[in-house]
């Protein structure tokens, strides 16, 4: 493979400039299967800010990630070439300008058939990513892990922030809502309308309360069934995970999922046809022990592993 | 309702002076169903001190709490008027003076039929609360969630501290021990007498070790059965929860319960006739990511939700 | 006086809901000399965000402030009535809407002749404050303590952020630049134009490098001379102070001033006719020991002391 | 018993010089059953360093440990005399010199029939401990809890570090691999060879992924069966536990075990004939709330409880 | 000398159980010149608590202290034998019982002619120390470095806490106020009476504001002159130092002294006949980088150096 | 210039992969004047470890550095091309192997006439740097800012660690000791021999105690005089600075210098013919507010500014 991580048995993990998983930092779309891209934007957060430092914190600790995924039985360096593409030049304080730049930044990547994996930043960035993706792929099935719906209509009289992003995406026709699903919602709600609202928009919603009753295997079964063969986008808000496992985020909600449960659910979705991924809302200033950024790194690694697994399935081991 | 929280869709959560759940800070007993009251006392802690800053830390992060409780299907602002009553003017360094002030502070609240929800402070404060409550209600069934018994007879030759509080409460006739229950005890003990001691005092005790064997549903069933229709007091020591979920407390004990398990158990107790509640031992200086104070906020919200649920049950939806 | 702080010899400092200096939290302009107002906005920060939590952090630790100022020989409660007015309902993510709300919020205060003391938030908020102040007072002499000029023309193609605020203020005619002064600039610069730029705009600039050569007494003398009898606005960016004394801010610059030097300089300015004050850029997530928020509290207390001192001078002690 | 902890009902836990569990700090092998020994060495860590402060951090918080173990029904002070032996004088920066000193330090302890319980330090120290133990006991069955195999052949061209220690131990004939077991391995791997490698060396390996499928009771059953009646050494790397419960370690791996699961598994092994124990990789600089050091203390207490339980079983209660 | 620190060129500083400056931990008064004694009491603090962990935190980092004092030209191990005596068994929550225990604990030390150096704990402990000292030495000249007077009459209706300690000491006749001095007071005051009050009690007071005007050399000259040949007690509240240099304390006051200024002033007092010393108010939970505890360690080392210097002066070098 | 930093007015500072001062990360010696090189080694630290994360922490916060140096009146991008060369692949745990790799890594850089600026890591790395430099330049005058001498002969029987590095350098003939100087030494010493030892080795030593007496201008005058026209190496241990300004280091010593004093002294040395620089001992795990890493970044920027200033002086402005 052309672009693979530095070998940590030769150069210690704590050495060298920090890129995601020690991948080469190259702004290219040639000869790669996937690109990891930072979108360090946090203007749209409604409570704690600081997620603009998320990509950097994830890069730092991601040097602990090794290439072989045991449960998926796949060595990602064997099947994939990938880069740390660097960051989108967002405009702090200006969300609409930032959307323009996200789209402009992702367009060549998506156009080249490279799978983008974006690191937030707050959840508002996903709208920019979906715009870029839908331009090429058409409306996408959304697989949305979060403790919040993010389908509020507006806050303080404004349309764009991290709590309204999927309302906007629907209005813009970026989602194939019939095949979309939201899972993990919990904590306290403004009113029963929050849940009803998301369902009326057409999402299949499975709250955390329901997930505990259904069992997580049934939840992943429903996700897979819902998405079917539709092209999909996986958006993962780290606050899906319980704050004990992921304290470093802006709007924590207790009663969440463990890291084991989380990674296990993601792995189960390996046959879905994802054309884009993101991992958002990692907030380093509330992550003194780096466990959130590291869990985020592992989630991204699971994304990469799905890409590798699917390539392996497509090609068989003989073609390597 | 007369007193309800600030609407967070209009004024951002991080704005304005911090009160519990953004309730009005009014020292009134008129037109309210419940009052949240800080008791910032930590003189009686035997290991780490600093819980006097607990009420302030809980207020800060509690602005994330929204009014609708999903599993209980109740919007607390629809059924209840409540205030952040401010704090009892405790006397740091002097536990007996403090008890006098706690009683004096709570008397008008209890007398007015308002349900007090106190925020500690160390667990010693519960004795003052029980004195105020028992004066009006008579001896109460205690529902005590904790990793410790708090029924030691004395420490260093003295009778009052956070480890002796329920021994004292019994001696003072404040508890209806036949209907009282202690759950969650774990960690290491001074001797087998600790457990035996609490049982000989008359408590129904279910240790964490026993809880894991019984299953949590059976535990809540036993609590409900034990309390029956007796008027009860719910005292919740945050160290009931595992330190991964609640590191910010003075005497952590490993092998505890998750936040999901905790909140779920509390919700199950919604039919008990609680006339008072407290949440104690939140220690901000060991809570760098605010997860303990936020879990504490959620526990208090569950208390408020029980009050709302019971009012809804009593009145039906037509009377709103 | 009608509104004064809680007496800390009677009610412990750590008790009660946290307001600035334990002042009453009342949204009034009646019977007060000054109002402390939070403006929890951080959308316009170009590096670290999170200053939206500044007002809350300052309130928390400001309960340590006592009313008597030794070097000014003034007890602020003897001369002044003041309130914690709460916060302006800013619009996170939207700077222009926020300016509208800042103006709307401050208008009645300024109109009533009450002196506003605003707590940031990032430095962009000062533009809104100046708009409100200039409407009543006309263009104001600016006394600007900062390690940065904040007179850049634009960032990333946009006009409004915390580094452009005084360029905008000048363009809007809010400043009497002939009597305005910027002090404390240091660290590294984009180019020699930064300094030249501010001077060409008309400011009297004294960099930190020059301050060390001139001596601080000469610096305050020049400020006083420069401002003269013009109505003035005091804007204090906490990054004026060295990061050892004020680590909790967004764009630290080394080689700064001590807390002693800082407070001493402010006190020297007591005869300037300030009609408004602010203290900005306190960032709690980088202030683990609260020393920045506490220094900020002391700076605000010096502001209040100047107001008290001037009233005392005007009225003499017989009129109290 | 000659050497027992200070009584915490008489002298507060936070008082006095900190030794493990408040045991006397005496360098003796007379009249004791076990000795707790610090080995503050971290030169061999491949990622984060700082575990040299592990013994001190564990001592500090271990004063919360009380003597009675509920599930094992044993009061360790009733059956055992033990000391905090202090630390081995390691040579920072020099692993081979350190091994010499570990051996020299442990030889008299092992020779005297005292059971050593060592506190790391990084995992490399176990090789020194095994050398000392095997000299007296012959090759030992290894019970190894860890998220890593630690059987890599070399890093950066060198043979000794915390990731190669059990490869070296095997080569030196210190292990009875037929009765040895490694459990808990997870996270990402360099390649499928990591797992295969450990198995080819002869270890019975149960990865965390397999453990979740087998159930933890089956896992402990397999460990017990595997070890049989062979003399065994228990080495516990704190990164076995999930980072939510044990953030303070050098090479965290997500998807791990809870503290409850961990302690419960250890207790199940109480009939194995352990002749030595260690607890390694506690890293205080990533443990701001002390939960890792405290969990480590509890694990060591479980080790001591096993020694006490076995003595109780051997002697019966009549002989005390 | 019989009792001297471990040699750090042979056993690394991070090794072994932590005692002050690596001195032997022996509860003896034989063959020693001085004893370092912890008094881990924080019940009497009026704002932040937690100073009970001060002695432990100081011990931990004091292992960095080496024996030779450059400006005093004295190697303390050459002239002095000393021990870490461990802690006084205080009674948390009970100040009067604690005073009894402090006296009882110190009596044999003072009686034996050993110089006690106590580590707080909050400043209230000094009353107990003075009682023990005055019993043997009569009323003592107080040399008091602090940012507060600690001569308030009462708080919340009670006589004993860390802000009233020297009022009580005077009332009990423990001080020779004619030769006593308080230096460093600053920050905000309750009223001009605070300062007047201390002066009316008879203290020579030099506030920080006055110190800056007088120069520190003049300040030490005045202290020396004031004390003269009277037997004296040196009480050092760490909040004398600026929070930039000593953030870890309960009631920080800005505008304080640097560590260099502080140590230099202490050294100048080397000819005063001190019969006791303490260093109080170190609060580890606000000292994340250990700089406060380490500065405290250095201050204690300066105390020991004064003892050594005086012995050297008395004996000359021939007698060693 | 070929290689200059990213323009922070176009791409926000928090964006993109973190390199020193946002320089390109290229391993080249072509077309550059200087190279910033990380040497993430901490095996040789005698107290706290973790400085291996120093280069990464410095890179992170160094994005705040802008190109124009006010006191030196030089824009480094106008005069210099430079790169972030990445890190030397050190061998953790093995100091001699690491020296080999440092030399091998630096040889081509020095050979190409590029000025190396190395980021530690602990101070032991300087020996490797000096070996590489002396090979080309012959013995160098050492300008050594530190609070320690680092000329101990051995620790624990071993020759190489961060406290022996300049003893070794002298023995290896790498230093021109007649023109070498050590400044800033303070804190406590093992014995008077420490100071005498360094002087007997031939260094001109100015302790911090002497510096305060001489005044800093006299100190820099003596340094300049001492070095004269000899080729020199500037080694800067961050513990030269007071812990208030630089808490993040392994062996703090109180009573140090401010950041202003430090930078001012460095600037004064701008006419010395430095052929290499390093900045060592930044320890991120004790730097929660990044002030140490940022001060380190500024020190490195002063180094770069000296290189630029000298080039400007040599070439005059006409040749640009």
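As written, the chain order gives the labels A, B, C, D, E and F, with residue 1 at the start of each chain.
The definition used in the following text is that a residue touches a chain if its C-beta (ideal position, glycine included) is under 8 Å from a C-beta of that chain, and two chains touch if they have at least 3 such contacts.
If you're wondering where the values come from, they're calculated on a predicted model, not measured in any experiment.
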item: If a chain touches chain A and chain E alike, it appears here; value: B, C, D, F
item: Repeat of the B-E interface, chosen from A-C, A-D or C-E (over half of contact pairs identical by residue number); value: A-C
item: Farthest chain relative to chain A (centres taken as mean CA coordinates); value: E
item: Chain pair showing more contacts of the two, B-C and C-F; value: C-F
item: Per Cα centroids, the chain farthest from chain C; value: D
item: Length of the line joining the C-alpha centres of chain D and chain F, rounded to whole Å; value: 41
item: Chain centre separation in whole Å, for chain D relative to chain C (CA means); value: 56
item: Junction residues of chain A, two or more chains touched; value: 10, 12, 14, 46, 48, 52-53, 89, 91-92, 156, 242, 244-245, 286, 288
item: Chain contact graph, described as a line, ring, star, complete graph or other shape; value: other
item: Those chain pairs that satisfy the touch definition; value: A-B, A-C, A-D, A-F, B-C, B-D, B-E, C-E, C-F, D-E, D-F, E-F
item: Touching residues (chain side chain C, partner chain F) in the complex; value: 46-48, 152, 155-156, 186-192, 194-195, 207, 209, 212, 242-245, 247-248, 251-252, 254-256, 286-288
item: Chain A-facing residues of chain B, complex; value: 8-10, 12-14, 64-71, 73, 75, 242, 244-245, 258-260, 263-264, 288-291, 294-295, 298, 301
item: Residues of chain B touching chain E in the complex; value: 42-46, 48-50, 52-53, 89, 91-95, 97, 156-158, 160-161, 285-286
item: Contact set on chain A toward chain F in their complex; value: 10-12, 14-19, 25, 38, 40, 52-53, 56, 59-60, 84, 86-92, 288
